[in-house]
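The first chain written gets the first letter, and so on, giving A, B, C and D; residue counts start at 1 in each chain.
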Amino acid sequence: MSTAEITALREQSFTTRRATVPALEDILYTPQPVLDHGFVRVIDYMGNDAAIVQAARVSYGSGTKQVSQDAGLIKYLMRHWHSTPFEMCEIKYHVKLPIFVARQWIRHRTANVNEYSARYSVLDKEFYTPDAANLAAQSVINNQGRGEILSPDQAAHVLHLLKSDASQVYEHYQEMLNENQQGEILDANRTGLARELARMNLTLNYYTQWYWKIDLHNLFHFLRLRADSHAQYEIRVYADAMLKTVEKWVPIAFEAFKEYRLNSVQLSATAWTIVQRRLAGETVTFENSGLTKREWGELETLMGKSATGHF
Amino acid sequence: MSTAEITALREQSFTTRRATVPALEDILYTPQPVLDHGFVRVIDYMGNDAAIVQAARVSYGSGTKQVSQDAGLIKYLMRHWHSTPFEMCEIKYHVKLPIFVARQWIRHRTANVNEYSARYSVLDKEFYTPDAANLAAQSVINNQGRGEILSPDQAAHVLHLLKSDASQVYEHYQEMLNENQQGEILDANRTGLARELARMNLTLNYYTQWYWKIDLHNLFHFLRLRADSHAQYEIRVYADAMLKTVEKWVPIAFEAFKEYRLNSVQLSATAWTIVQRRLAGETVTFENSGLTKREWGELETLMGKSATGHF
Amino acid sequence: MSTAEITALREQSFTTRRATVPALEDILYTPQPVLDHGFVRVIDYMGNDAAIVQAARVSYGSGTKQVSQDAGLIKYLMRHWHSTPFEMCEIKYHVKLPIFVARQWIRHRTANVNEYSARYSVLDKEFYTPDAANLAAQSVINNQGRGEILSPDQAAHVLHLLKSDASQVYEHYQEMLNENQQGEILDANRTGLARELARMNLTLNYYTQWYWKIDLHNLFHFLRLRADSHAQYEIRVYADAMLKTVEKWVPIAFEAFKEYRLNSVQLSATAWTIVQRRLAGETVTFENSGLTKREWGELETLMGKSATGHF
Amino acid sequence: MSTAEITALREQSFTTRRATVPALEDILYTPQPVLDHGFVRVIDYMGNDAAIVQAARVSYGSGTKQVSQDAGLIKYLMRHWHSTPFEMCEIKYHVKLPIFVARQWIRHRTANVNEYSARYSVLDKEFYTPDAANLAAQSVINNQGRGEILSPDQAAHVLHLLKSDASQVYEHYQEMLNENQQGEILDANRTGLARELARMNLTLNYYTQWYWKIDLHNLFHFLRLRADSHAQYEIRVYADAMLKTVEKWVPIAFEAFKEYRLNSVQLSATAWTIVQRRLAGETVTFENSGLTKREWGELETLMGKSATGHF
């Protein structure tokens, strides 16, 4: 979508009787950059903080209540896992993201998705190249995580391989299609391979894009998992960009989400017992804790940390 | 919700950059009456016909295309069962409906629901009483359908039973709660039974209400099943009222829905063969049709009927 | 279903290559009584603890691993909210339950349901009557809870009302249907009202029944909410009966569920800070806690309680 | 999974009271080859044709009914779009498939999925190479389809590009990981890049694998879309392999699915009118048809074709 088209969308103005959020209208349609070529932009939304309250009260009018009471109700709903009122808000994003990120993202099955189809159209030559600062070694303690940053030499070599392979597969993609990005035929004596086949030659760092629509309850669930420090960096930056849009959209629910989900702490039955024993003055060691080595380590880390690590 | 509150909601006016549908704004918040005490009213919506087209084209701008092309694309999508672009539109209803209707309705699991809670609040004294014209006998040919209308005498007797039982159970509901509809205590020397228990004494014709939010694809699926002549009359009238709101909201998609779903015809492999044999001039009888008696009957009925029975 | 039919089902024996759980086979098809006329019985199941492990390892064989490692992996999955491996197990129940309980239950949209249809068939004369010990007053502190048990006199009166109303509406149900429970016509000169209409005269304490099929992850979610002390007693007893079947089916996952969900503790960001301040020796009072009155009360209660309240 | 492990699984035999399908047990765990390195194999299942009938009858016993009646009921359910009884059967597959096929497949959100994780493990060097007979040109009439087969020369060139690029990106994948397929370090002086990053260098024709579990209703929906002639060849072959497993599993439901879904014909309101006009002897031409050019073409094609094209 061209800058001119976005400007045109942003210049339009309608009147509506629907709940409207000026802070979100301010950024409507505007791409928020993520990674080297990606973005997140809000395309449409339904509802606001008051819609959550209204659903919780159903037949009650929202007009007569004060904001402080509404905030109290929203916090209560979040704290006690009442999910349906949050489902009454809906948001639609346009996202541009690398295919390997899209493959993680799509596991969340509770959203509506329309993805750019490489059966129908030719993909642009745009692929993700990590910053050197994000080129990390395989973690030696966590099978699915990252460890140390690569040395400058090794990082340079990795970047060289990523770039040259991505460029080459794209060149061959065009050669197989017999078509350049402008849709012009390259060689009149050849037949182009079907797009649905040629695409298989592209690497997983190529960018795709989609419309992604979800209700607030399920969005919070997605964000809790993907804005988490265990999530892969390349999806976490999208979650972080979306958190900022949610803060503009439903500021009260967002505060409650931070307090009761994102920065909350979940303790197992045994871990809670340990906390209580300690509060009662007992010295609890690994040996008398009843925890496994791994859980003990996790609890120790947690103990030394404020729960406000995230935002 | 009082008339004054609805008027207040309808008098509010905001500016937005979002897609807006004036025809739907016209009826926003206004209850559309259904049955004797029920209603359907649109509370909020997201998207319009153009949003369907936009999702189908993803990265294409919708501004440059003409309406005729958009209509053609929407018809194509509907005809070829492309469901995801229709999922990009969302609508939220406030519905008041008898509990036995709510029990059928809730089977559709693809919506978000917030129902008035009789654990928390006292239900109003409002129950459904059918018109005499809708008091039909059990069908003798269809195990789950209606047959002839009851005679006036019998209808009057049924109505008497329904009304007197509904009144009595409500009187006892209040007695058990020890509370009238204004929340006043009836007898200071008694303790009121918990609402979550007392409600079990109400009959299934009592009205409940909920917020019900769904995307357009799943709404069409719901409407196809519930606006169908085989659906129970008491849910069909709700589906009919909602069809009218959809017509205002997404007129092009609505036309496509009528043409390719609501009034379309589905023929089994064998039935299609019979049509072809007949078009080729062959006389096809039940005996050489390959159909069961029941299917033959259904096909005969269909043959003599235009497919435009519904709207 | 008659006792003879259940006995016949239980006497059948087949050979299979599928994962099989002898402890669950022992109770297969046998109704576990709940409330006065209800039951829960397991009809079918797919998978076992090893299936969870196998899904987590995907291409790994499960045969080579020891049980202790499997248990460790299952605990790890539960602790870190990995939900998909638990979705690989599925169970199917046959449940008989009062309609007002069914209305709460059906809110969980992630199950497959086939309910007995009162459009098609006549409901039996079976309704729920609470024990006097469960006839509680409306809670004065919790809008959706129960308080004190009613006095014997008042309980007797409530039971009288519930029973006599339920009996009367059923009598009129039959009169409207012009049919007794054996399907015999009551009066040859009258026409019976359609079943789909007559059913509306029944009260919400009448029993219905359904087949209910769900995967283990979503079952755990259901059980966490419905076996909770805040759930209505009449649905909690069903959750408790199902917990016992899950314990037989997937004992390792069940232990993990108790440790990391059912008996776990969730602390908000602020509550966790308070725990840490207390562990550091600080005296934290309501005034300097940063909590609302309600949250402070909840935390106080939690502090004085082991987390093993449930099972 | 090794052949020895599959043999071991196939040699195990348990006794069960559950519904069992010998024809499906015969192929349980055995990979059914698809494409050059892919497969589909049934890992587990729940229910059979009788379970569908049983759910439809809920409280009725299945034992007393004859197969002919059961078949009639299943056909009736399929014909009248009763979906819930089919949801009572569940099947679990292990599938190995190219990533670009997996990306289409995952759009169906109604299944449970556990995919092999390239964050955690190193992917094998296995990529899809089409047969020359499947290397088709872009269709000139259908934007998302295939046209003519490429000439032998051009096909050879395409295959060369696909193979050499896939080999090269894998070589660099290993170099970045600093690890070969046996998990051995390639160069002790280098640090391996994190697996979650290195994987982005692989092309979309690399194979992945997953466990995929779904109920029969949603499986039928998937198969209707993916066994369709408009589906991409590379996913259609998987759908075809699965159709054969469904035929063994629930033969009666499978017949009904072919008759009322796979080989059925859906006619729009206008198309049905045309059929009726023709049956009445009228000559209907494009000009007086009321159809668009495209729809007229589709109807003409359909008219000349039996509806039994598929199986």
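FYI, contacts are C-beta pairs under 8 Å (C-beta built on N, C-alpha and C of every residue); 3 or more make two chains touch, one makes a residue touch a chain.
All of these numbers come straight from a predicted model, not from anything done at the bench.
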Copies chain B and chain A - interface residue numbers shared by over half, same or different: same
Chain pair with more C-beta contacts, A-D versus B-D: A-D
Chain A and chain B, separation of their C-alpha mean positions in angstrom: 35
Centre-to-centre distance between chain D and chain B (centres being mean Cα positions), rounded to whole Å: 34
Inter-centroid spacing, chain D versus chain A (mean Cα positions, whole Å): 29
Chain A, residues touching no fewer than two other chains: 84, 107, 113, 117
Chain D contact footprint on chain A (complex, rising order): 98-100, 102-103, 106-107, 109-110, 113, 117, 119-120, 128, 130, 134-139, 143-148, 150-151, 154, 158, 161-162, 165-166, 168-169, 172, 175-177, 190-197, 199-205, 232
Chain B to chain A touching residues, read off their complex: 1-2, 5, 8-10, 12-20, 25, 28-29, 44-47, 51, 54-56, 58-59, 61, 63, 84-85, 87-88, 90, 92, 112-117, 209-211, 213, 215
Residue ranges of chain A touching chain C (in the complex, touch as defined): 72, 75-76, 79-81, 84, 107, 225, 230, 258-260, 263-273, 275-276, 278-279, 292, 294-295, 303, 306-308
